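Naming follows writing order (A, B, C, D, E, F, G and H), and every chain is counted from residue 1.
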Amino acid sequence: GFAHLDTHRELRNGYPEVIYCAGKTTDQVAAIVKRMLELDYSNILATRANSDVARALQALTPNVEYSTTARIAVINRKPLPQPAGTIAVVTGGTSDMPVAEEAAITAEIMGNNVKRIYDVGVAGLHRLLSHLDEIMSANVVIAVAGMEGALASVVGGLVDKPVIAVPTSVGYGANFHGLAALLSMLNSCASGVAVVNIDNGFGAGYMASMINHM
Amino acid sequence: GFAHLDTHRELRNGYPEVIYCAGKTTDQVAAIVKRMLELDYSNILATRANSDVARALQALTPNVEYSTTARIAVINRKPLPQPAGTIAVVTGGTSDMPVAEEAAITAEIMGNNVKRIYDVGVAGLHRLLSHLDEIMSANVVIAVAGMEGALASVVGGLVDKPVIAVPTSVGYGANFHGLAALLSMLNSCASGVAVVNIDNGFGAGYMASMINHM
Amino acid sequence: GFAHLDTHRELRNGYPEVIYCAGKTTDQVAAIVKRMLELDYSNILATRANSDVARALQALTPNVEYSTTARIAVINRKPLPQPAGTIAVVTGGTSDMPVAEEAAITAEIMGNNVKRIYDVGVAGLHRLLSHLDEIMSANVVIAVAGMEGALASVVGGLVDKPVIAVPTSVGYGANFHGLAALLSMLNSCASGVAVVNIDNGFGAGYMASMINHM
Amino acid sequence: GFAHLDTHRELRNGYPEVIYCAGKTTDQVAAIVKRMLELDYSNILATRANSDVARALQALTPNVEYSTTARIAVINRKPLPQPAGTIAVVTGGTSDMPVAEEAAITAEIMGNNVKRIYDVGVAGLHRLLSHLDEIMSANVVIAVAGMEGALASVVGGLVDKPVIAVPTSVGYGANFHGLAALLSMLNSCASGVAVVNIDNGFGAGYMASMINHM
Amino acid sequence: GFAHLDTHRELRNGYPEVIYCAGKTTDQVAAIVKRMLELDYSNILATRANSDVARALQALTPNVEYSTTARIAVINRKPLPQPAGTIAVVTGGTSDMPVAEEAAITAEIMGNNVKRIYDVGVAGLHRLLSHLDEIMSANVVIAVAGMEGALASVVGGLVDKPVIAVPTSVGYGANFHGLAALLSMLNSCASGVAVVNIDNGFGAGYMASMINHM
Amino acid sequence: GFAHLDTHRELRNGYPEVIYCAGKTTDQVAAIVKRMLELDYSNILATRANSDVARALQALTPNVEYSTTARIAVINRKPLPQPAGTIAVVTGGTSDMPVAEEAAITAEIMGNNVKRIYDVGVAGLHRLLSHLDEIMSANVVIAVAGMEGALASVVGGLVDKPVIAVPTSVGYGANFHGLAALLSMLNSCASGVAVVNIDNGFGAGYMASMINHM
Amino acid sequence: GFAHLDTHRELRNGYPEVIYCAGKTTDQVAAIVKRMLELDYSNILATRANSDVARALQALTPNVEYSTTARIAVINRKPLPQPAGTIAVVTGGTSDMPVAEEAAITAEIMGNNVKRIYDVGVAGLHRLLSHLDEIMSANVVIAVAGMEGALASVVGGLVDKPVIAVPTSVGYGANFHGLAALLSMLNSCASGVAVVNIDNGFGAGYMASMINHM
Amino acid sequence: GFAHLDTHRELRNGYPEVIYCAGKTTDQVAAIVKRMLELDYSNILATRANSDVARALQALTPNVEYSTTARIAVINRKPLPQPAGTIAVVTGGTSDMPVAEEAAITAEIMGNNVKRIYDVGVAGLHRLLSHLDEIMSANVVIAVAGMEGALASVVGGLVDKPVIAVPTSVGYGANFHGLAALLSMLNSCASGVAVVNIDNGFGAGYMASMINHM
């Protein structure tokens, strides 16, 4: 009885049911998913799910896809119709992959064609420029970067589509767990950039999908 | 020679030329606009422009509309085609109006139909709920709020359209010049909310217009 | 001899003897409780007690009730007369339960009727609104929320009873371990809201009980 | 049309209509009050009102009482029935008086008997102790202090009534505009202390009145 | 060869040789002490020494006294002449003991008579007042407190001897690892209070000894 | 009636009566001093007094000495016996003089021989070293520095007397109004350094005098 | 007598005598320069000098060149031999010019050929790329940028010469007076970037000159 | 395919290929190095490499040198020509060695003669002064210090060569994980000091090498 489920849910095509697992016990997550399955929910997303949670969910149903990198479990996937436009997910480095995958998988489950372009940070601009066509042909760009987060500004200056910027906690010292990238992205001198919380890949994927479906 | 103008500019329909006046002398702003007028730019936006700047621009050309509240001057306005969808600009209080107007005027100059719904903060929820139809019928919502910035979360939870959240520096004490609202909006438990800088009405209007034109 | 007990204690009906266990060794806590038992104290509350401490206390006396969720041990409970009014404990999410339970159990041991309403955060306002009668009929409301802590403002705007707001450290990134919810609650645009420390369920339960007994 | 007034207002005995003047132009405040007077509101409170605002209100109606210290204007005062209990407003120093008066006047307009005890900070404990009887006989205590804000803890440890702590921005250097007192009060080792925003005398007076009327 | 020892050391009666062990490997600490012993140093103090370090030192020489609480090892103690005055070490709570003991042992090894008065925090002022004679008869007072650190102000207001204030990291939430107590102590409204780093018992003991020997 | 004076004051030789003028109106300061003069107080110190306050005090009595640099007014000076030891006040730069003079004048009024050594910051170490004899012959050293505040560590490492460190708000950018120097001084790797609030020359002079009179 | 001049100065070819005017009175600056002129110093640099200071210096000697933008006065310029390499000073925007000019003039007075490339921020990458040859042919690059400071990373990634990054306080909101750009530059993912204080054009010009003369 | 390698790399004599291992899995690091070996890269530097990573690399090739202290693995070292000048690496304490070694090894692999001078912090100035000749004869100085980071200012004031300052996270309490040393170094009153991120030994070694090769 601890969690409130939306049992009279209206038709909300394309919106996943989402469980944020951090701060919940494995038992609590399993109980919530169990109830959702009884109510016949599809496209359930469990974010920040560790492998214990994944195993507990797999014990409930075979319909669980788990990404170790993204720490996401997708339960009862039912493919949704996809709009023509694509969402590009761009990262500064390899270490930003967990957050980028959280964004990409969220967008995919919501019915989007996702293009991943990883490790193209601004320290070697040629890497970014060599992918410019792919990035510019997307409908929405998700820019994921830690350290100084300059990627968002450079991408925002190059494309004329909405950019969702995701600061990550990758870095050390004066990075202060993602604060440097967050402030950097909020102060972007490029127009057309909006920001979500540090490491919030889910939020970025969700927002990008909303925009891509307009 | 101090500022770089984009003289070979390609056709970028709907994107205004923007001058951020804070930190520039009145003479510098006037020189930039003079050069733009010689190059026959239209839809020039001078943000954070005080009345001195406005007067200097009016001395250059009669085609200046100045908003004291928004501190924006629009020069050489050329109306642009508008998409069907509207952008709703919602504020928590009366004191958030300067930022909200910066957003609304930016969106209007970029060719959007804007609906203003001001002073509907969450301390009196009935005010917000009585405008729910208008808000829900918009294509994009800009939520402008200071103090604790809860408006963005409540709006984000009610509508299923993208919400651009703008924290304002309205408040005092532990508000720390908008930090409270900023952190609040970044941590929104509602999905579909992305954030721009404190008091950045321009950025919100620009982003909302991009989305509304998709 | 390391801890000062109040051996000449006057009659303070309804005030529990409280030991804050964090930063004390299990041996220190046990020694303090042992001495309290010799002095025949009742309604002793050990907060932030881990299961080691709970076991050590159970070795001293059978009269120990331990809540794993709230990390509270109640020793020698002696029920106290209850006033007519109730205290409502409301949370934004399931992850706020440890703090909410600390508040609820503290209020109960001090002689209060407690109504728990959990997982009714503002991202889905209908959940909160569907419990409005229960909340409005309470004498005092304890609003427990992490992330952006908007619950306190929304509740404060709906009820005309004192609201004790408890920010929790639930969240990540720009949440900064509860800072976002704390600042949000301190800046609440609703009147009739006062705030205790991040995760301080005990303090909220104590304050609410004081008010409910007036 | 910029501000939303509650024209169908139900009977809310004892709750003042409040206008927070900071960030509003004098014209905006006057327009709001003019409309309230037409709707026959009484006990209107304009907080953070400078002398310009006061003069503008006095031009609308003779029924304006203005406190220079508290920067509060009370319009159309209609005395309300008072409960038996009193509210004590205690300050650490003389410089805390503006905030203390904001609290005291707010409580008075809401129908409370207020006892002012100023300049009794903990650096000279005898000053506080010599007023202990008055403080302990109050129903609720508002503790207003800047600098290190220790007053709240000491008062909280002495009385067994609810203490509303108001940090003020009095101080300099590592005070960081009231942050030191705010953190101090939030971390109070005394039980029964809850905190409002830095310099928020209004909020403290409102909360204390709510409690005193229970 | 990694550490610089002062081999030509002049006579510095009463100043201990100090090794700060945090951030050094056990081998490094042992090597430094070995060299000191060869040079016949006495009154060596190893602070922040865990039990591994203690064991490694005991393997070098039998003349090691180790305090588990204070995490200090004293090597080759040679009692020093003591001045008449005493140093009082006062704490707010039991959890402040590790820091207080670091201060007390440091002062003792430097030739001082130390009086320990623990768990007399301001939440129960009678505890402090009942020890006032002892505190007032000291030559220097070390006030050790976490949470809101109000103890330093209250003690500073009562005694007219120098007070060395030591904020501790005891607390949680808005305590921010001792920041609340630190700011509180720096802003003390009492005169005659100076502050050392959070948890810096050693520094306080050293400073107090210097003053006591004047 | 707003300020509590200590009318039964016992003999406290050498302790000045101090009024902190910031945040008080000129009238309030004058009223307090008027009452003190009626009670025949001597050695009254008004700190943070601007020239308006100085003039108001000079209108009350001819016995006012005012320092424009230190913003201190000394009223009714009665020279006190001086101990043999001196207090050295050392600054990093010329811009630290207001704070240094506040310290020096405070120490002088409390009966101390003060030696001023200004503009000897560590960027040119020879300046400091050329004054080493004077500094080392003092009984207590007050080290006043802004920017990075390294002076306190260097002085603390050279002398074996207590050092009272005063960070100043001199600097810009990442100095954050004195925070850099404050943190620097609190983390001093030299022993025998204790710190007062940013710009708190008064507190340093008071503490140094207490130590010098032991 | 308040400021320490280096009267026995050895030959330090190329190092200017510098006076940091902020926090000094005009009279103090004039007195220092007067003494320097008597000692026949050349290449004196007065930084952060307002026009009052400039006039006071011009009253002392005709050999004063004053830059209103850079707030620098150069006194008694004696041209120095220049190395072959140039220093490029690059800015993100027009508003960064005061800091950039402080850097450029400092470098020039120390005997360097300086190339100014202003308003080439990353929001329009083509502006930067169109100047790449000039930038890459420099020996050292000074990158001056406010807002998110991404310029330093992009430049650092393109050139293989040392980059001195200067964050400026240009921006608003979550810029926090230059903190965003500072953190961004410290966390640069490009190698070969070192950072000076916010707005410290002087320090950057000095460092770049040192490197250019190697 | 997750990491972008620069396969067409031009000749960049002296620049190491660098992998920042933190936040990458051991498998990812090994895969990147494997690909580099296939492309016949030399002088590969893996920083922040734990012993697991080291072992995985040693399984790929025998040409791995691993420093436990510096957490650096050097793969396929090919000695480079060295310029005449040396780089001095100076530390405040023994605990700064990991960062200092990261800097030293980076500089060595890039073809520099490195002189290590460790544990010469300013608390005992004679230690630093006794090494002055060695320091002053270097071409570039890297100053590595935690706690209050005063070393950078003192070294910067003594030498007239570029100083690269590296704050370390050594310290506790108000050190805030290196923030104190970082702010201290950024505010250095000595000219010719530029700063890299907290604990960024690699960045300092790289920058120093660039300068030394000019």
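In this text, contacts are C-beta pairs under 8 Å (C-beta built on N, C-alpha and C of every residue); 3 or more make two chains touch, one makes a residue touch a chain.
Remember, it's a predicted structure, so these values are computed and weren't measured experimentally.
Of the two chain pairs examined here, B-C and A-H, the one linked by more C-beta pairs in contact is B-C.
A repeat of the D-F interface exists among F-G, B-C or F-H. It is F-G, with more than half of its contact pairs matching by residue number. Averaged Cα coordinates give chain A a centre that lies 43 Å from the centre of chain G. Averaging C-alpha coordinates per chain places the centre of chain E 27 Å away from that of chain F.
Averaged Cα coordinates give chain A a centre that lies 56 Å from the centre of chain F. Contact of a single residue of chain F with at least two other chains is seen at positions 93, 124, 173-175, 179, 182, 186-187, 191, 197-198. Only residues 92-93, 121-125, 147-150, 153-154, 156-158, 171, 173-176, 179-181, 183-191 of chain C touch chain B when the two sit together in their complex. Residue ranges on chain A touching chain C, taken from their complex, read 2-4, 6, 20, 22-24, 28, 32, 167, 169, 177-179, 182, 197-200. Chain D meets chain F in the complex at residues 93-95, 97, 118-120, 124, 126-127, 146, 170, 172-175. Only residues 12, 15, 18, 85, 139, 160-162, 164, 182, 186-187, 191-198, 202-204, 206-207, 210-212, 214 of chain H touch chain G when the two sit together in their complex.
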